[in-house]
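Two complexes come next, and they have one chain in common, subunit A, joined by subunit B in the first and subunit C in the second.
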Partner chain A sequence: MNIYKHELKVNLKSTIMWICVISGLASLLMLFYPILSKDMDSFMEILDNLPPAMKGLIGIAAANILTPLGYYGFAFLYTLLFGAIQSMNLGIGIVSKEEREKTADFLMTKPVTRVKILTAKLLSVLTIFIVTNIVYTIVTAAVVTSMADGDLDTGKFMLINLSLFLVQLIYFSIGLVISIAMKKIRSVLSISVGLVFMFFAISAFAVKSADDKLRFITPFQYFKTDTILAEGNYEMAYVITGTLIVIASIVTSYILYKRKDVHSV
Partner chain B sequence: MNIYLRELKAHRKSLIIWSISMLFLVLAGMGKYSAAVSTQGAGFNEILDQMPKSIQTFLGVGVFDLSVAMDYFGVLFLYIVLVANVHAAMLGAGIIGKEERDKTVEFLMVKPVSRQRIITSKLLAAITIGLILNIVTLVSSVLILPNYTKGQPFIMDLLLLMLGMFAMQLLFITLGTLLAAIFNKHKLSSAIATGVLLLMFMIAIIVDIAGNVDFLRFVSFFKYYDAKDIMKLGYDIAYPIISIILLVIFTSGTYYFYKKRDLRI
Partner chain C sequence: MVKNAIETNNLTKFYGKARGIENVTFSVEEGEIFGFIGPNGAGKSTTIRTLLSLIYPSSGSAKIFGMDCNKQAPEVLKRIGYLPSEVFYYDGMKVKDLLNYSASFYKKDCKKRIQELSERMNLDLNKKIDDLSFGNKKKVGIVQGLLHSPDLIILDEPTSGLDPLMQQTFFDLLEEENKRGAAVLMSSHILGEVQRLCNRVAIIKEGKIIKLEKISTLQEASYKRFKFEIQNEIPKDYFAIKGVNDLKVEGKTHSFIFKGDINTITTKLSNVRLTNLWADEPDLEEIFMHYYSKEV
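On to the complex of A and B.
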């Protein structure tokens, strides 16, 4: 319980900062919705002159933009990017910081098992994610509702927002297992930001088709807002993959951490 | 010279990882192109030209594609630059900050070299490493692009793009060293460097969406060397001039602040 509280205290400032960044960014991007929908009206005229096949291709994607929720789905991409960095930072940092900051032997000599230490840390991270997501949802719900004029599919909106939490869990567990498997981590940020942007860059080019196998590589593609908007649910294959990644990473982390050499110097 | 060689050696492993990621990004990114073109054919450029910039950003590159390989590469270029700049910012902040992080700063300072010389060696090392990553990207593109360009000349465009990318890398490297020279907390300087990078990336996206906020272009390094502009019009002379001025400011700032800053032991 002490470790849990301590972690919450230590991460309080950065959590507040991340909440502000993520919610602020999504709200900021939403402010551009009126500009975009105006552009869209003129573009629709061009679209009418196109051959039907091409019109279908662009039209489906373009139709999304006409609704505030559709535009929110686009802005949400950047929410995910920043949420992923937050969670990857926590994943890589939360255990490895003890060694980096030379507090590992202090912690290890306390009468708690390593399993308990890891559990307490995991729970505190879970709390941080839940708080982040609740605040984020409240803020964006207010912004999106104000733009939607009562025409908002709450179920789909919540599904999109819930995917932030799920993606954060996936990135966190990946970061955690990497940090425990590696001997020593000197700089959390360079690893986490590097990894997340690699995933992001792959994701930007993996969207070509919905059944591309490359989608499994990057968690950014697991919960596509297009699919959520069109069908109102997640794709099962990716939910399962995500769950497996989280479970496998956490279990591996426990196993590795229990027998890891922890250097005190 | 010793410091320079030592830095190159210390960064060898991470440089290899970044280079492989870069190669993979170009390979995977261009891999998407062939699939896109065979199904959709020509005619997209005309639509794309008529389309408001905000809509293009919203639709992203995933939905449809350009029929000219180099234009497609121009879209991919944003993500290549993103990865290269993350590397550059981390490298710049890390190369100076890591002495204090790893508690090696005392060892370094008692050597008979002035702080200026240390900075000079480290800056040169960082520039060399950035250049190597740039060349790796260039070579991978030169090897991969001919498979898609159907004999059209692309080397000139590519060289111009890569030169622009190198300028952005230099800006982020020196920004990183400046921050590390000002703050003696490594975590703080690399956090600020990342923050600035993310902010600039978001500004670049917002410029694309909003279109009419062109003055914002000056705020974001990502917009200094825009692929579409470079390939159509060549460099806008304003940006190379601003880049040089900023580089001089960042570099001299690095020397100035590091000379008098307290070391954290």
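On to the complex of A and C.
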């Protein structure tokens, strides 16, 4: 419990910052909806003239963008991007920061098993994600509802938002296992941003490509807003893949962490 | 029978192919102050970190209070207080927050002891750790290591960064803890402090223990430092006999450390005309140097 509380305290500031960034950006993008919806024809024209890769990055079928929820699905792409960076940062940093800031000697010579240390850290991160997602959902629900004149498909909206939480879990667990497997992490941010943009680039490529298998490589494509809007559910194959990645990464992290040598300064 | 606080058995650690320590076997009795001396990179920290289960041995084993250091790490660590050579703590935390966090890992009330220790060490509990000098951070480390009244205190190069007065207070504290019954294992490359505090020392070199000795024996073993000036030239290797080390000849001045029967030297000296003669106890440093450079 003490480690859990300590982690929450340590991560408080950055969590508040991330919540502001993610909720703020989504709200800001939503503010453009009324302007765009007034002049939808010319906007569609611009979209049509974009090169395919750009379309891929925008990541939503043009037709969907006409509705408030569809437009939100487009804005949500950036939520996912920044949410992924937040979670990747936590994944790579939560354990490695003890070694980098040289506090590992302090923590790990206390009478507590490494399994308990890792579990406490995981629970604190889970708490951070839950809080982030709740605040984000409250803010965006308010904004989107006001745009939609109260006419909002709550089920689909929640499905879209829940995918932020799920994608964060996936990126977090990938970051965690990488950080524990690596001997030393010098800069968390450069690695996490690098990795997230790599997945983001693959994502753009996956949209363009006819081959659906590419989508398995990048968690950004696991929960497509287009599909959610059209069918009102997730695609099972990707839900299973995501779950397997999380489980495998976390289990591997525990195994590696239990046997890892903590080197001196 | 005296029980052992620490007992290692052929403890070996390789980092990939690089040597950490090899076949380190020693024991520290309960209530003993045990020193670990050797230059940087000899394996002192590796041994200590293995005992603390920060790193895992490649082979061999270590027991503390009869429990396996790795398999029963949390049980073992409950009874250990550890002060690393360089102390680093969480940014932005106040001294008292850090100490309370540290205390929260032990299931006992440490408030009084924190107060006592910080008063002794002259440590301001309300300051932020970031704002402390190196020496003051070290004090936080000392309080943090002693606040739960451990049965075994492990110190890695404990005195670096402490001013002499604080060093004195710290040594007094350690001696008090020792009287209370705590065993102490300290590593150092400063022989003076080992000599002052320890009952026994292990000398470690290139990952291996080359000597395990009582401090008293180490000093008593008939080591003598000879120095004399002679009237007439003698061959430079006149004293290059068995037992002589660190032989230096500068003009008519000869000096060396000798271990063995002193009469061997006096017999040889009787054939030489002297103008001056010094003979005294070498300090531990010299003995140590001599072990280092000549043996193994």
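Operating definition for what follows: the second predicted complex is superposed on the first by the 241 of 265 C-alpha atoms of A that agree within 3 Å, B and C clash if a C-alpha of one lies under 4 Å from a C-alpha of the other, contacts with A are read in each partner's own complex, and residues count from 1 in each chain.
Convention: a residue touches a chain if its C-beta (ideal position, glycine included) is under 8 Å from a C-beta of that chain, and two chains touch if they have at least 3 such contacts.
The model shown is predicted, which means the values in this text are computed figures rather than measured ones.
**Student:** Let me test your reading of the model: by the given contact rule, A:111 touches which partner, first (subunit B), second (subunit C), both or neither?
**Tutor:** second
**Student:** I'd like to know which partner A:10 touches here: subunit B for first, subunit C for second, both or neither.
**Tutor:** Only subunit C; A:10 stays clear of subunit B.
**Student:** Have a look at where A:187 lands relative to subunit B and subunit C in the superposition and call it first, second, both or neither.
**Tutor:** The answer is first: A:187 touches subunit B but not subunit C.
**Student:** Can A:261 be said to touch subunit B (first), subunit C (second), both, or neither?
**Tutor:** second
**Student:** Given the touch rule stated above, what does A:103 touch, subunit B (first), subunit C (second), both, or neither?
**Tutor:** Second partner only.
**Student:** Tell me the contact category for A:82 with respect to subunit B and subunit C: first, second, both or neither.
**Tutor:** first
**Student:** With both complexes superposed on chain A, which partner does A:25 reach: first (subunit B), second (subunit C), both or neither?
**Tutor:** Touch partner of A:25: subunit B, not subunit C.
**Student:** Decide which partner touches more residues of subunit A, taking subunit B and subunit C as the two options.
**Tutor:** Per-residue touch count on subunit A favours B.
**Student:** Please indicate which partner A:146 is in contact with in the superposed arrangement: first for subunit B, second for subunit C, both, or neither.
**Tutor:** A:146 contacts neither subunit B nor subunit C.
**Student:** Quick one: is A:202 in contact with subunit B, with subunit C, with both, or with neither? Answer first, second, both or neither.
**Tutor:** So A:202 only meets subunit B here.
**Student:** Spell out the residues on subunit A that touch subunit B in their complex, using ranges where they run on.
**Tutor:** Going by the criterion above, the answer is residues 25, 28-29, 32, 35-36, 39-40, 42-43, 46, 50, 54, 57-58, 61-62, 65, 71, 74, 78, 82, 85, 186-187, 189-190, 193-194, 197-198, 200-202, 204-209, 214.
**Student:** Using the touch definition up top, name the residues of subunit A that touch subunit C in the complex.
**Tutor:** Within the complex, subunit A contacts subunit C at residues 2, 6, 10, 101-106, 108-113, 259, 261-265.
**Student:** Once bound in the complex, which stretches of subunit C touch subunit A?
**Tutor:** Listed in rising order, the residues are 15, 45, 49, 52-56, 73-78, 80, 82, 84-86, 88-91, 101-102, 104-106, 144.
**Student:** In their shared complex, at which residues does subunit B touch subunit A?
**Tutor:** Listed in rising order, the residues of subunit B that touch subunit A are 14, 18, 21, 25, 28-29, 32, 35-36, 40, 43, 47, 50-52, 54-55, 58-64, 76, 79-80, 82-83, 86-87, 90, 94, 98, 101-102, 186-187, 190-191, 194, 198, 202, 205-206, 209-211.
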